[in-house]
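Next up: the structures, one after another.
Common to both upcoming complexes is subunit A, partnered first by subunit B, then by subunit C.
And then the complex of A and B:
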């Protein structure tokens, strides 16, 4: 017998025990904590099949049943063809959320991509300065952003109307006039869209800048030598090489604009006449103001499905199967 | 033209117009970028200027840009307002942000390290479970979380903002990626020297993780500091509120006093904004490498 070998064997066993102790020491609390997460998720899933209000006592298990009756798919059927006030409001909120998200995405891309491209082309010293300023709103709390823009939109003393008056136009009550609209969308909606864009474009800009920096200069040079114009280089080389980033930016922008809440809640709270009522706001009001938690849970699930669907569609459309 | 006969001259002739166009496109770039810069900056400047105006001047049509008679009255009013103990609200926000960041950094590094460097049965399933939880948006879990907090009596308590935030799947994911690059020899050398697994984690792994932890920490701090919806649901009493909810409350109780509200916005937003600007490099790095917002 070789004593050295024996010792090694024993120490290896000890090591394995020490390792598995460590793993157990970490995973057991983790599993317990994550079961809480799964419990919460399961509860959210069950709630949407009930007419649940936290104001009522309900049945013995989690307050479900009894005065909080099971309604099956009732909440979802009501959403599609119900005549109740909340069903109507849900459909308005859904429409507004879609308008908001589908306005934000193209406007954001039209601003951020060219600006990022221009920013990438200028000198290093200015680049950092410009980028810092463009990034400021991203760092700002959205409540602050909302308050700043509310004072900009003030019908009397606000700067937006001051500019309009300067050019001889008629001032608009941006956040409160229910009749004013532009391109079929109310001005209040445009007003919150602009404020949201202002806060958000710096984020996509830095993402685009990082992607543009990663494109090898040789590819662009080669195209130039072959006689491509700068525009062709941009559309044929740059745009196609940043396609994965485009996908990422589109998905992230859509995800966050479908779930917009802060800015709209502070600026309009859904007014005037529910023209800026978006789904998150409707969910919040139903759950925490009107105590219709089952209904709100069902709405959350619909929002989740929409967000998932839009993400999957975008991933299909912008999929690439190459790398460089 | 005589120049046509010389190849060098042809070369010069070709380059010259290009140089001109480079210059015009440069100027064009700077003009556009500066316009965007002004659009980004002017609302901030307007906020700061308004905070030094009187509540009468702020209502004037057309608006003045710079205050005519700059005054500190708004700031004085806020500091002397017994209903607005700013320091307390700052401490509330700081408590939530620091507690959440510390706990998530600890759990992320520990769990991420475990997923990267240890083999155990069920590891893939556990990790897959994590990725799934990561994709569930918070509005889905918001309602049952609220019900749990109210059952536990944690509504109106800052602890209510803390208990559901101890584990952050994204942090775990990021640390796991990073830990996979750590050489196994380093860990084994420590094991041979007789270090226990916890010692290895604390003495050897944690110091290596400073860069990703800094990124995660700053992003997490910013997210917590600016959070609005969930704190608003949990903190309904005024004295326990965090800064963003206090700001909206102050706005709704001081309608028609635009200058005062702008001063409050400056006081609540600007100090931390300056901190974030200083950490900007890390934040940008975090955004571009993780896409976490």
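And then the complex of A and C:
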């Protein structure tokens, strides 16, 4: 046998062994990590069928049963037609979460898309500067953002009321007046929506800018030659071509809106009168303040179903079967 | 033969040391103590840990502290796994939620009857579930009746200081004189800020008691919040708001919380427990107004009130050195000299009458001396299925709604009664 071939064969074998070692080295930790995640999800799935509290001993197997009794679908039935405090709070939280999410999405799109279009049309010199400015809130922690907006909303020392006072208006307790509302939604909810929008819009804007940059200029030029107005170019060419990006933005914005927690916890903690109590906050309070882990797990499952349903609907409505 | 005797002696010594492993004096023992993060409290614990370790050189106690919210989460995850510390700092009212996972106090440490003689009824009540004692309190958490008063504002308004209130009407009269509004009509100084969660619950429940009613049914299996006494008390609170002593839209738990607002000069009289004194001094060192802490007169009759126990120490049934753990807990909580040190360090009202009446407390904690007359009137709140839910998600929001004009008095009482009773299901 040719010694050169032998060496080559041996070295190929060594490479194959190294590859398989690498695959094993990466796969096994990943599988272990994933199995941990599956275990956690599985535990949450089991808990939602129990009236489980970590303070109680319960039965001999994982504390299930006994003083942590099996309730079957009882938690879900209670959510729909129960008269308990937690059932009432769940329904209020669900309603507030839907208001929050369905207000955030259109408002976000109305702000980010035109802004991205405008930024795309200005000179390269200023583009990076403005992009950085608009993206800065995204990099700021939610707690910091909440504190900034709380100081602005302060009924006595906040500058929003200072401006209102300057023009002779009546100041508003933005985060604590349960009587104040606009379009059927409490002022406190609008106040947290505004703060969240401010923090979040830079992210979508950067994604839209990337999508706009990917549209071939020839398509727009051709439309203009054919007599299309700038508005027609925007609506017929640009909007159509960024549909996949729009889908991504809509799905991600909805997901994060349904899971909003920290900014609301810091700004209002659900007040006034539960008008800003959202599902994630309710789940957190039930799990860690009131020790109703079974109920909290059931709420989490409902939130998961809602988010999945809304995402599937969005994917169906905004799907495309072409590429450019 | 000598070898055999030596062998037997070694075996006997080993057996004896194994049997005696549970005594405090023999063998190295390391215990963990979990507390929530509170610098004043933990300074008190550290001093007593050092004192105990000096007396018991074989014992090491490691204190681990967690932020309040994290502590709740840690307890809830560690206890089911049996991974909690040997000694746990608990708030008394939590005992009824965790008692299945706590070790009862052994009779040789202290009997229930002796504990009831040693401590005030309200703080020890939190550590008793179904007639079994699960720990000892270190403080009397009294949310009822105490108010921060701003001397500078009193004098500026031409009011007598210290206030000589005989009735709650006297308090309201001073509060009206202290209240101020800005040019736009928004309240800038609350004369009497009683609209945070704890003061609302404490004054509501005390008011029911002082008017001769009760919020428990006869056998403590349900609540009775929709009563004439409760209605009278809530009406009194609504009338106080209508009189302009506080605007509950601008002054409540989430906006202008009483401690923050008081130490920013926005409150004349601020209803809050004594724990606010240490917190105010720490967080607002630049506050220049002169102030004091005094007690309100009862709404009528005797100053009966309810209190929800206080922080104290319990022992895990999973501890391998329960006897040492209980010895430490007893040393810290039931020895008057040690309890005194802790209360002075933490700025808390002592749970033992003997300590409360001590000369040292009278010298260092003047507000405790002022409370001597009312503390014996304190009754334990009672073991509720979910105390936090009843106080913070039912009583406080509905009463605040009534004060803010979102609900009527009848609607608020009916909702409190229905929702609070639903927690028994």
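In this section, the second predicted complex is superposed on the first by the 292 of 324 C-alpha atoms of A that agree within 3 Å, B and C clash if a C-alpha of one lies under 4 Å from a C-alpha of the other, contacts with A are read in each partner's own complex, and residues count from 1 in each chain.
The rule is short, and it goes like this: a contact is a pair of C-beta atoms (placed from the backbone, for glycine too) under 8 Å apart; a residue touches a chain by one contact, two chains touch by 3 or more.
Small disclaimer: the values here were computed from a predicted structure and weren't measured.
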Which superposed partner A:37 touches (first subunit B, second subunit C, both, neither): first
Which of subunit B and subunit C A:143 touches, first, second, both or neither: first
Which of subunit B and subunit C A:47 touches, first, second, both or neither: first
Which superposed partner A:239 touches (first subunit B, second subunit C, both, neither): neither
Subunit B versus subunit C as contact partner of A:28, first or second or both or neither: neither
Contacts of A:176 with subunit B and subunit C, given as first, second, both or neither: second
First (subunit B), second (subunit C), both or neither touched by A:84: second
Doubly contacted residues of subunit A, that is, touched by subunit B and again by subunit C: 54, 156, 165, 288, 293
Sites on subunit A touched by subunit B in the complex: 15, 18-23, 26-27, 30-31, 33-34, 37, 40-41, 43-44, 47, 54, 62, 111, 114-115, 118-119, 121-122, 126, 130-137, 139-144, 147-152, 154, 156-159, 162, 165-166, 198, 202-203, 206-207, 210, 230, 248, 252, 255-256, 259, 261-262, 265-266, 280, 283-284, 287-288, 293, 296-297, 300-301, 303-304, 307
Subunit C contact footprint on subunit A (complex, rising order): 53-57, 63, 67, 83-85, 88-89, 155-156, 161, 164-165, 169-171, 173, 175-179, 268-269, 271-274, 288-291, 293
Residue ranges of subunit B touching subunit A (in the complex, touch as defined): 25-26, 29-30, 32-33, 36-37, 39-44, 46-47, 50, 58-63, 107, 110-111, 114, 118, 120, 126, 129-130, 133, 136-137, 139-148, 150, 164, 166-167, 191, 196-198, 201, 222, 225-226, 228-229, 233, 243-245, 247-248, 251, 258, 261-262, 265, 268-269, 273, 276-277, 280, 283-284, 287-288, 291, 293
Parts of subunit C lying in touch with subunit A, wherever the complex brings them together: 69, 72-73, 75-77, 79-80, 97-98, 100-101, 182-186, 188, 249-250, 252-256, 266, 386, 388-389, 393-394, 397, 400-401, 404-406, 418-419, 422-423, 425
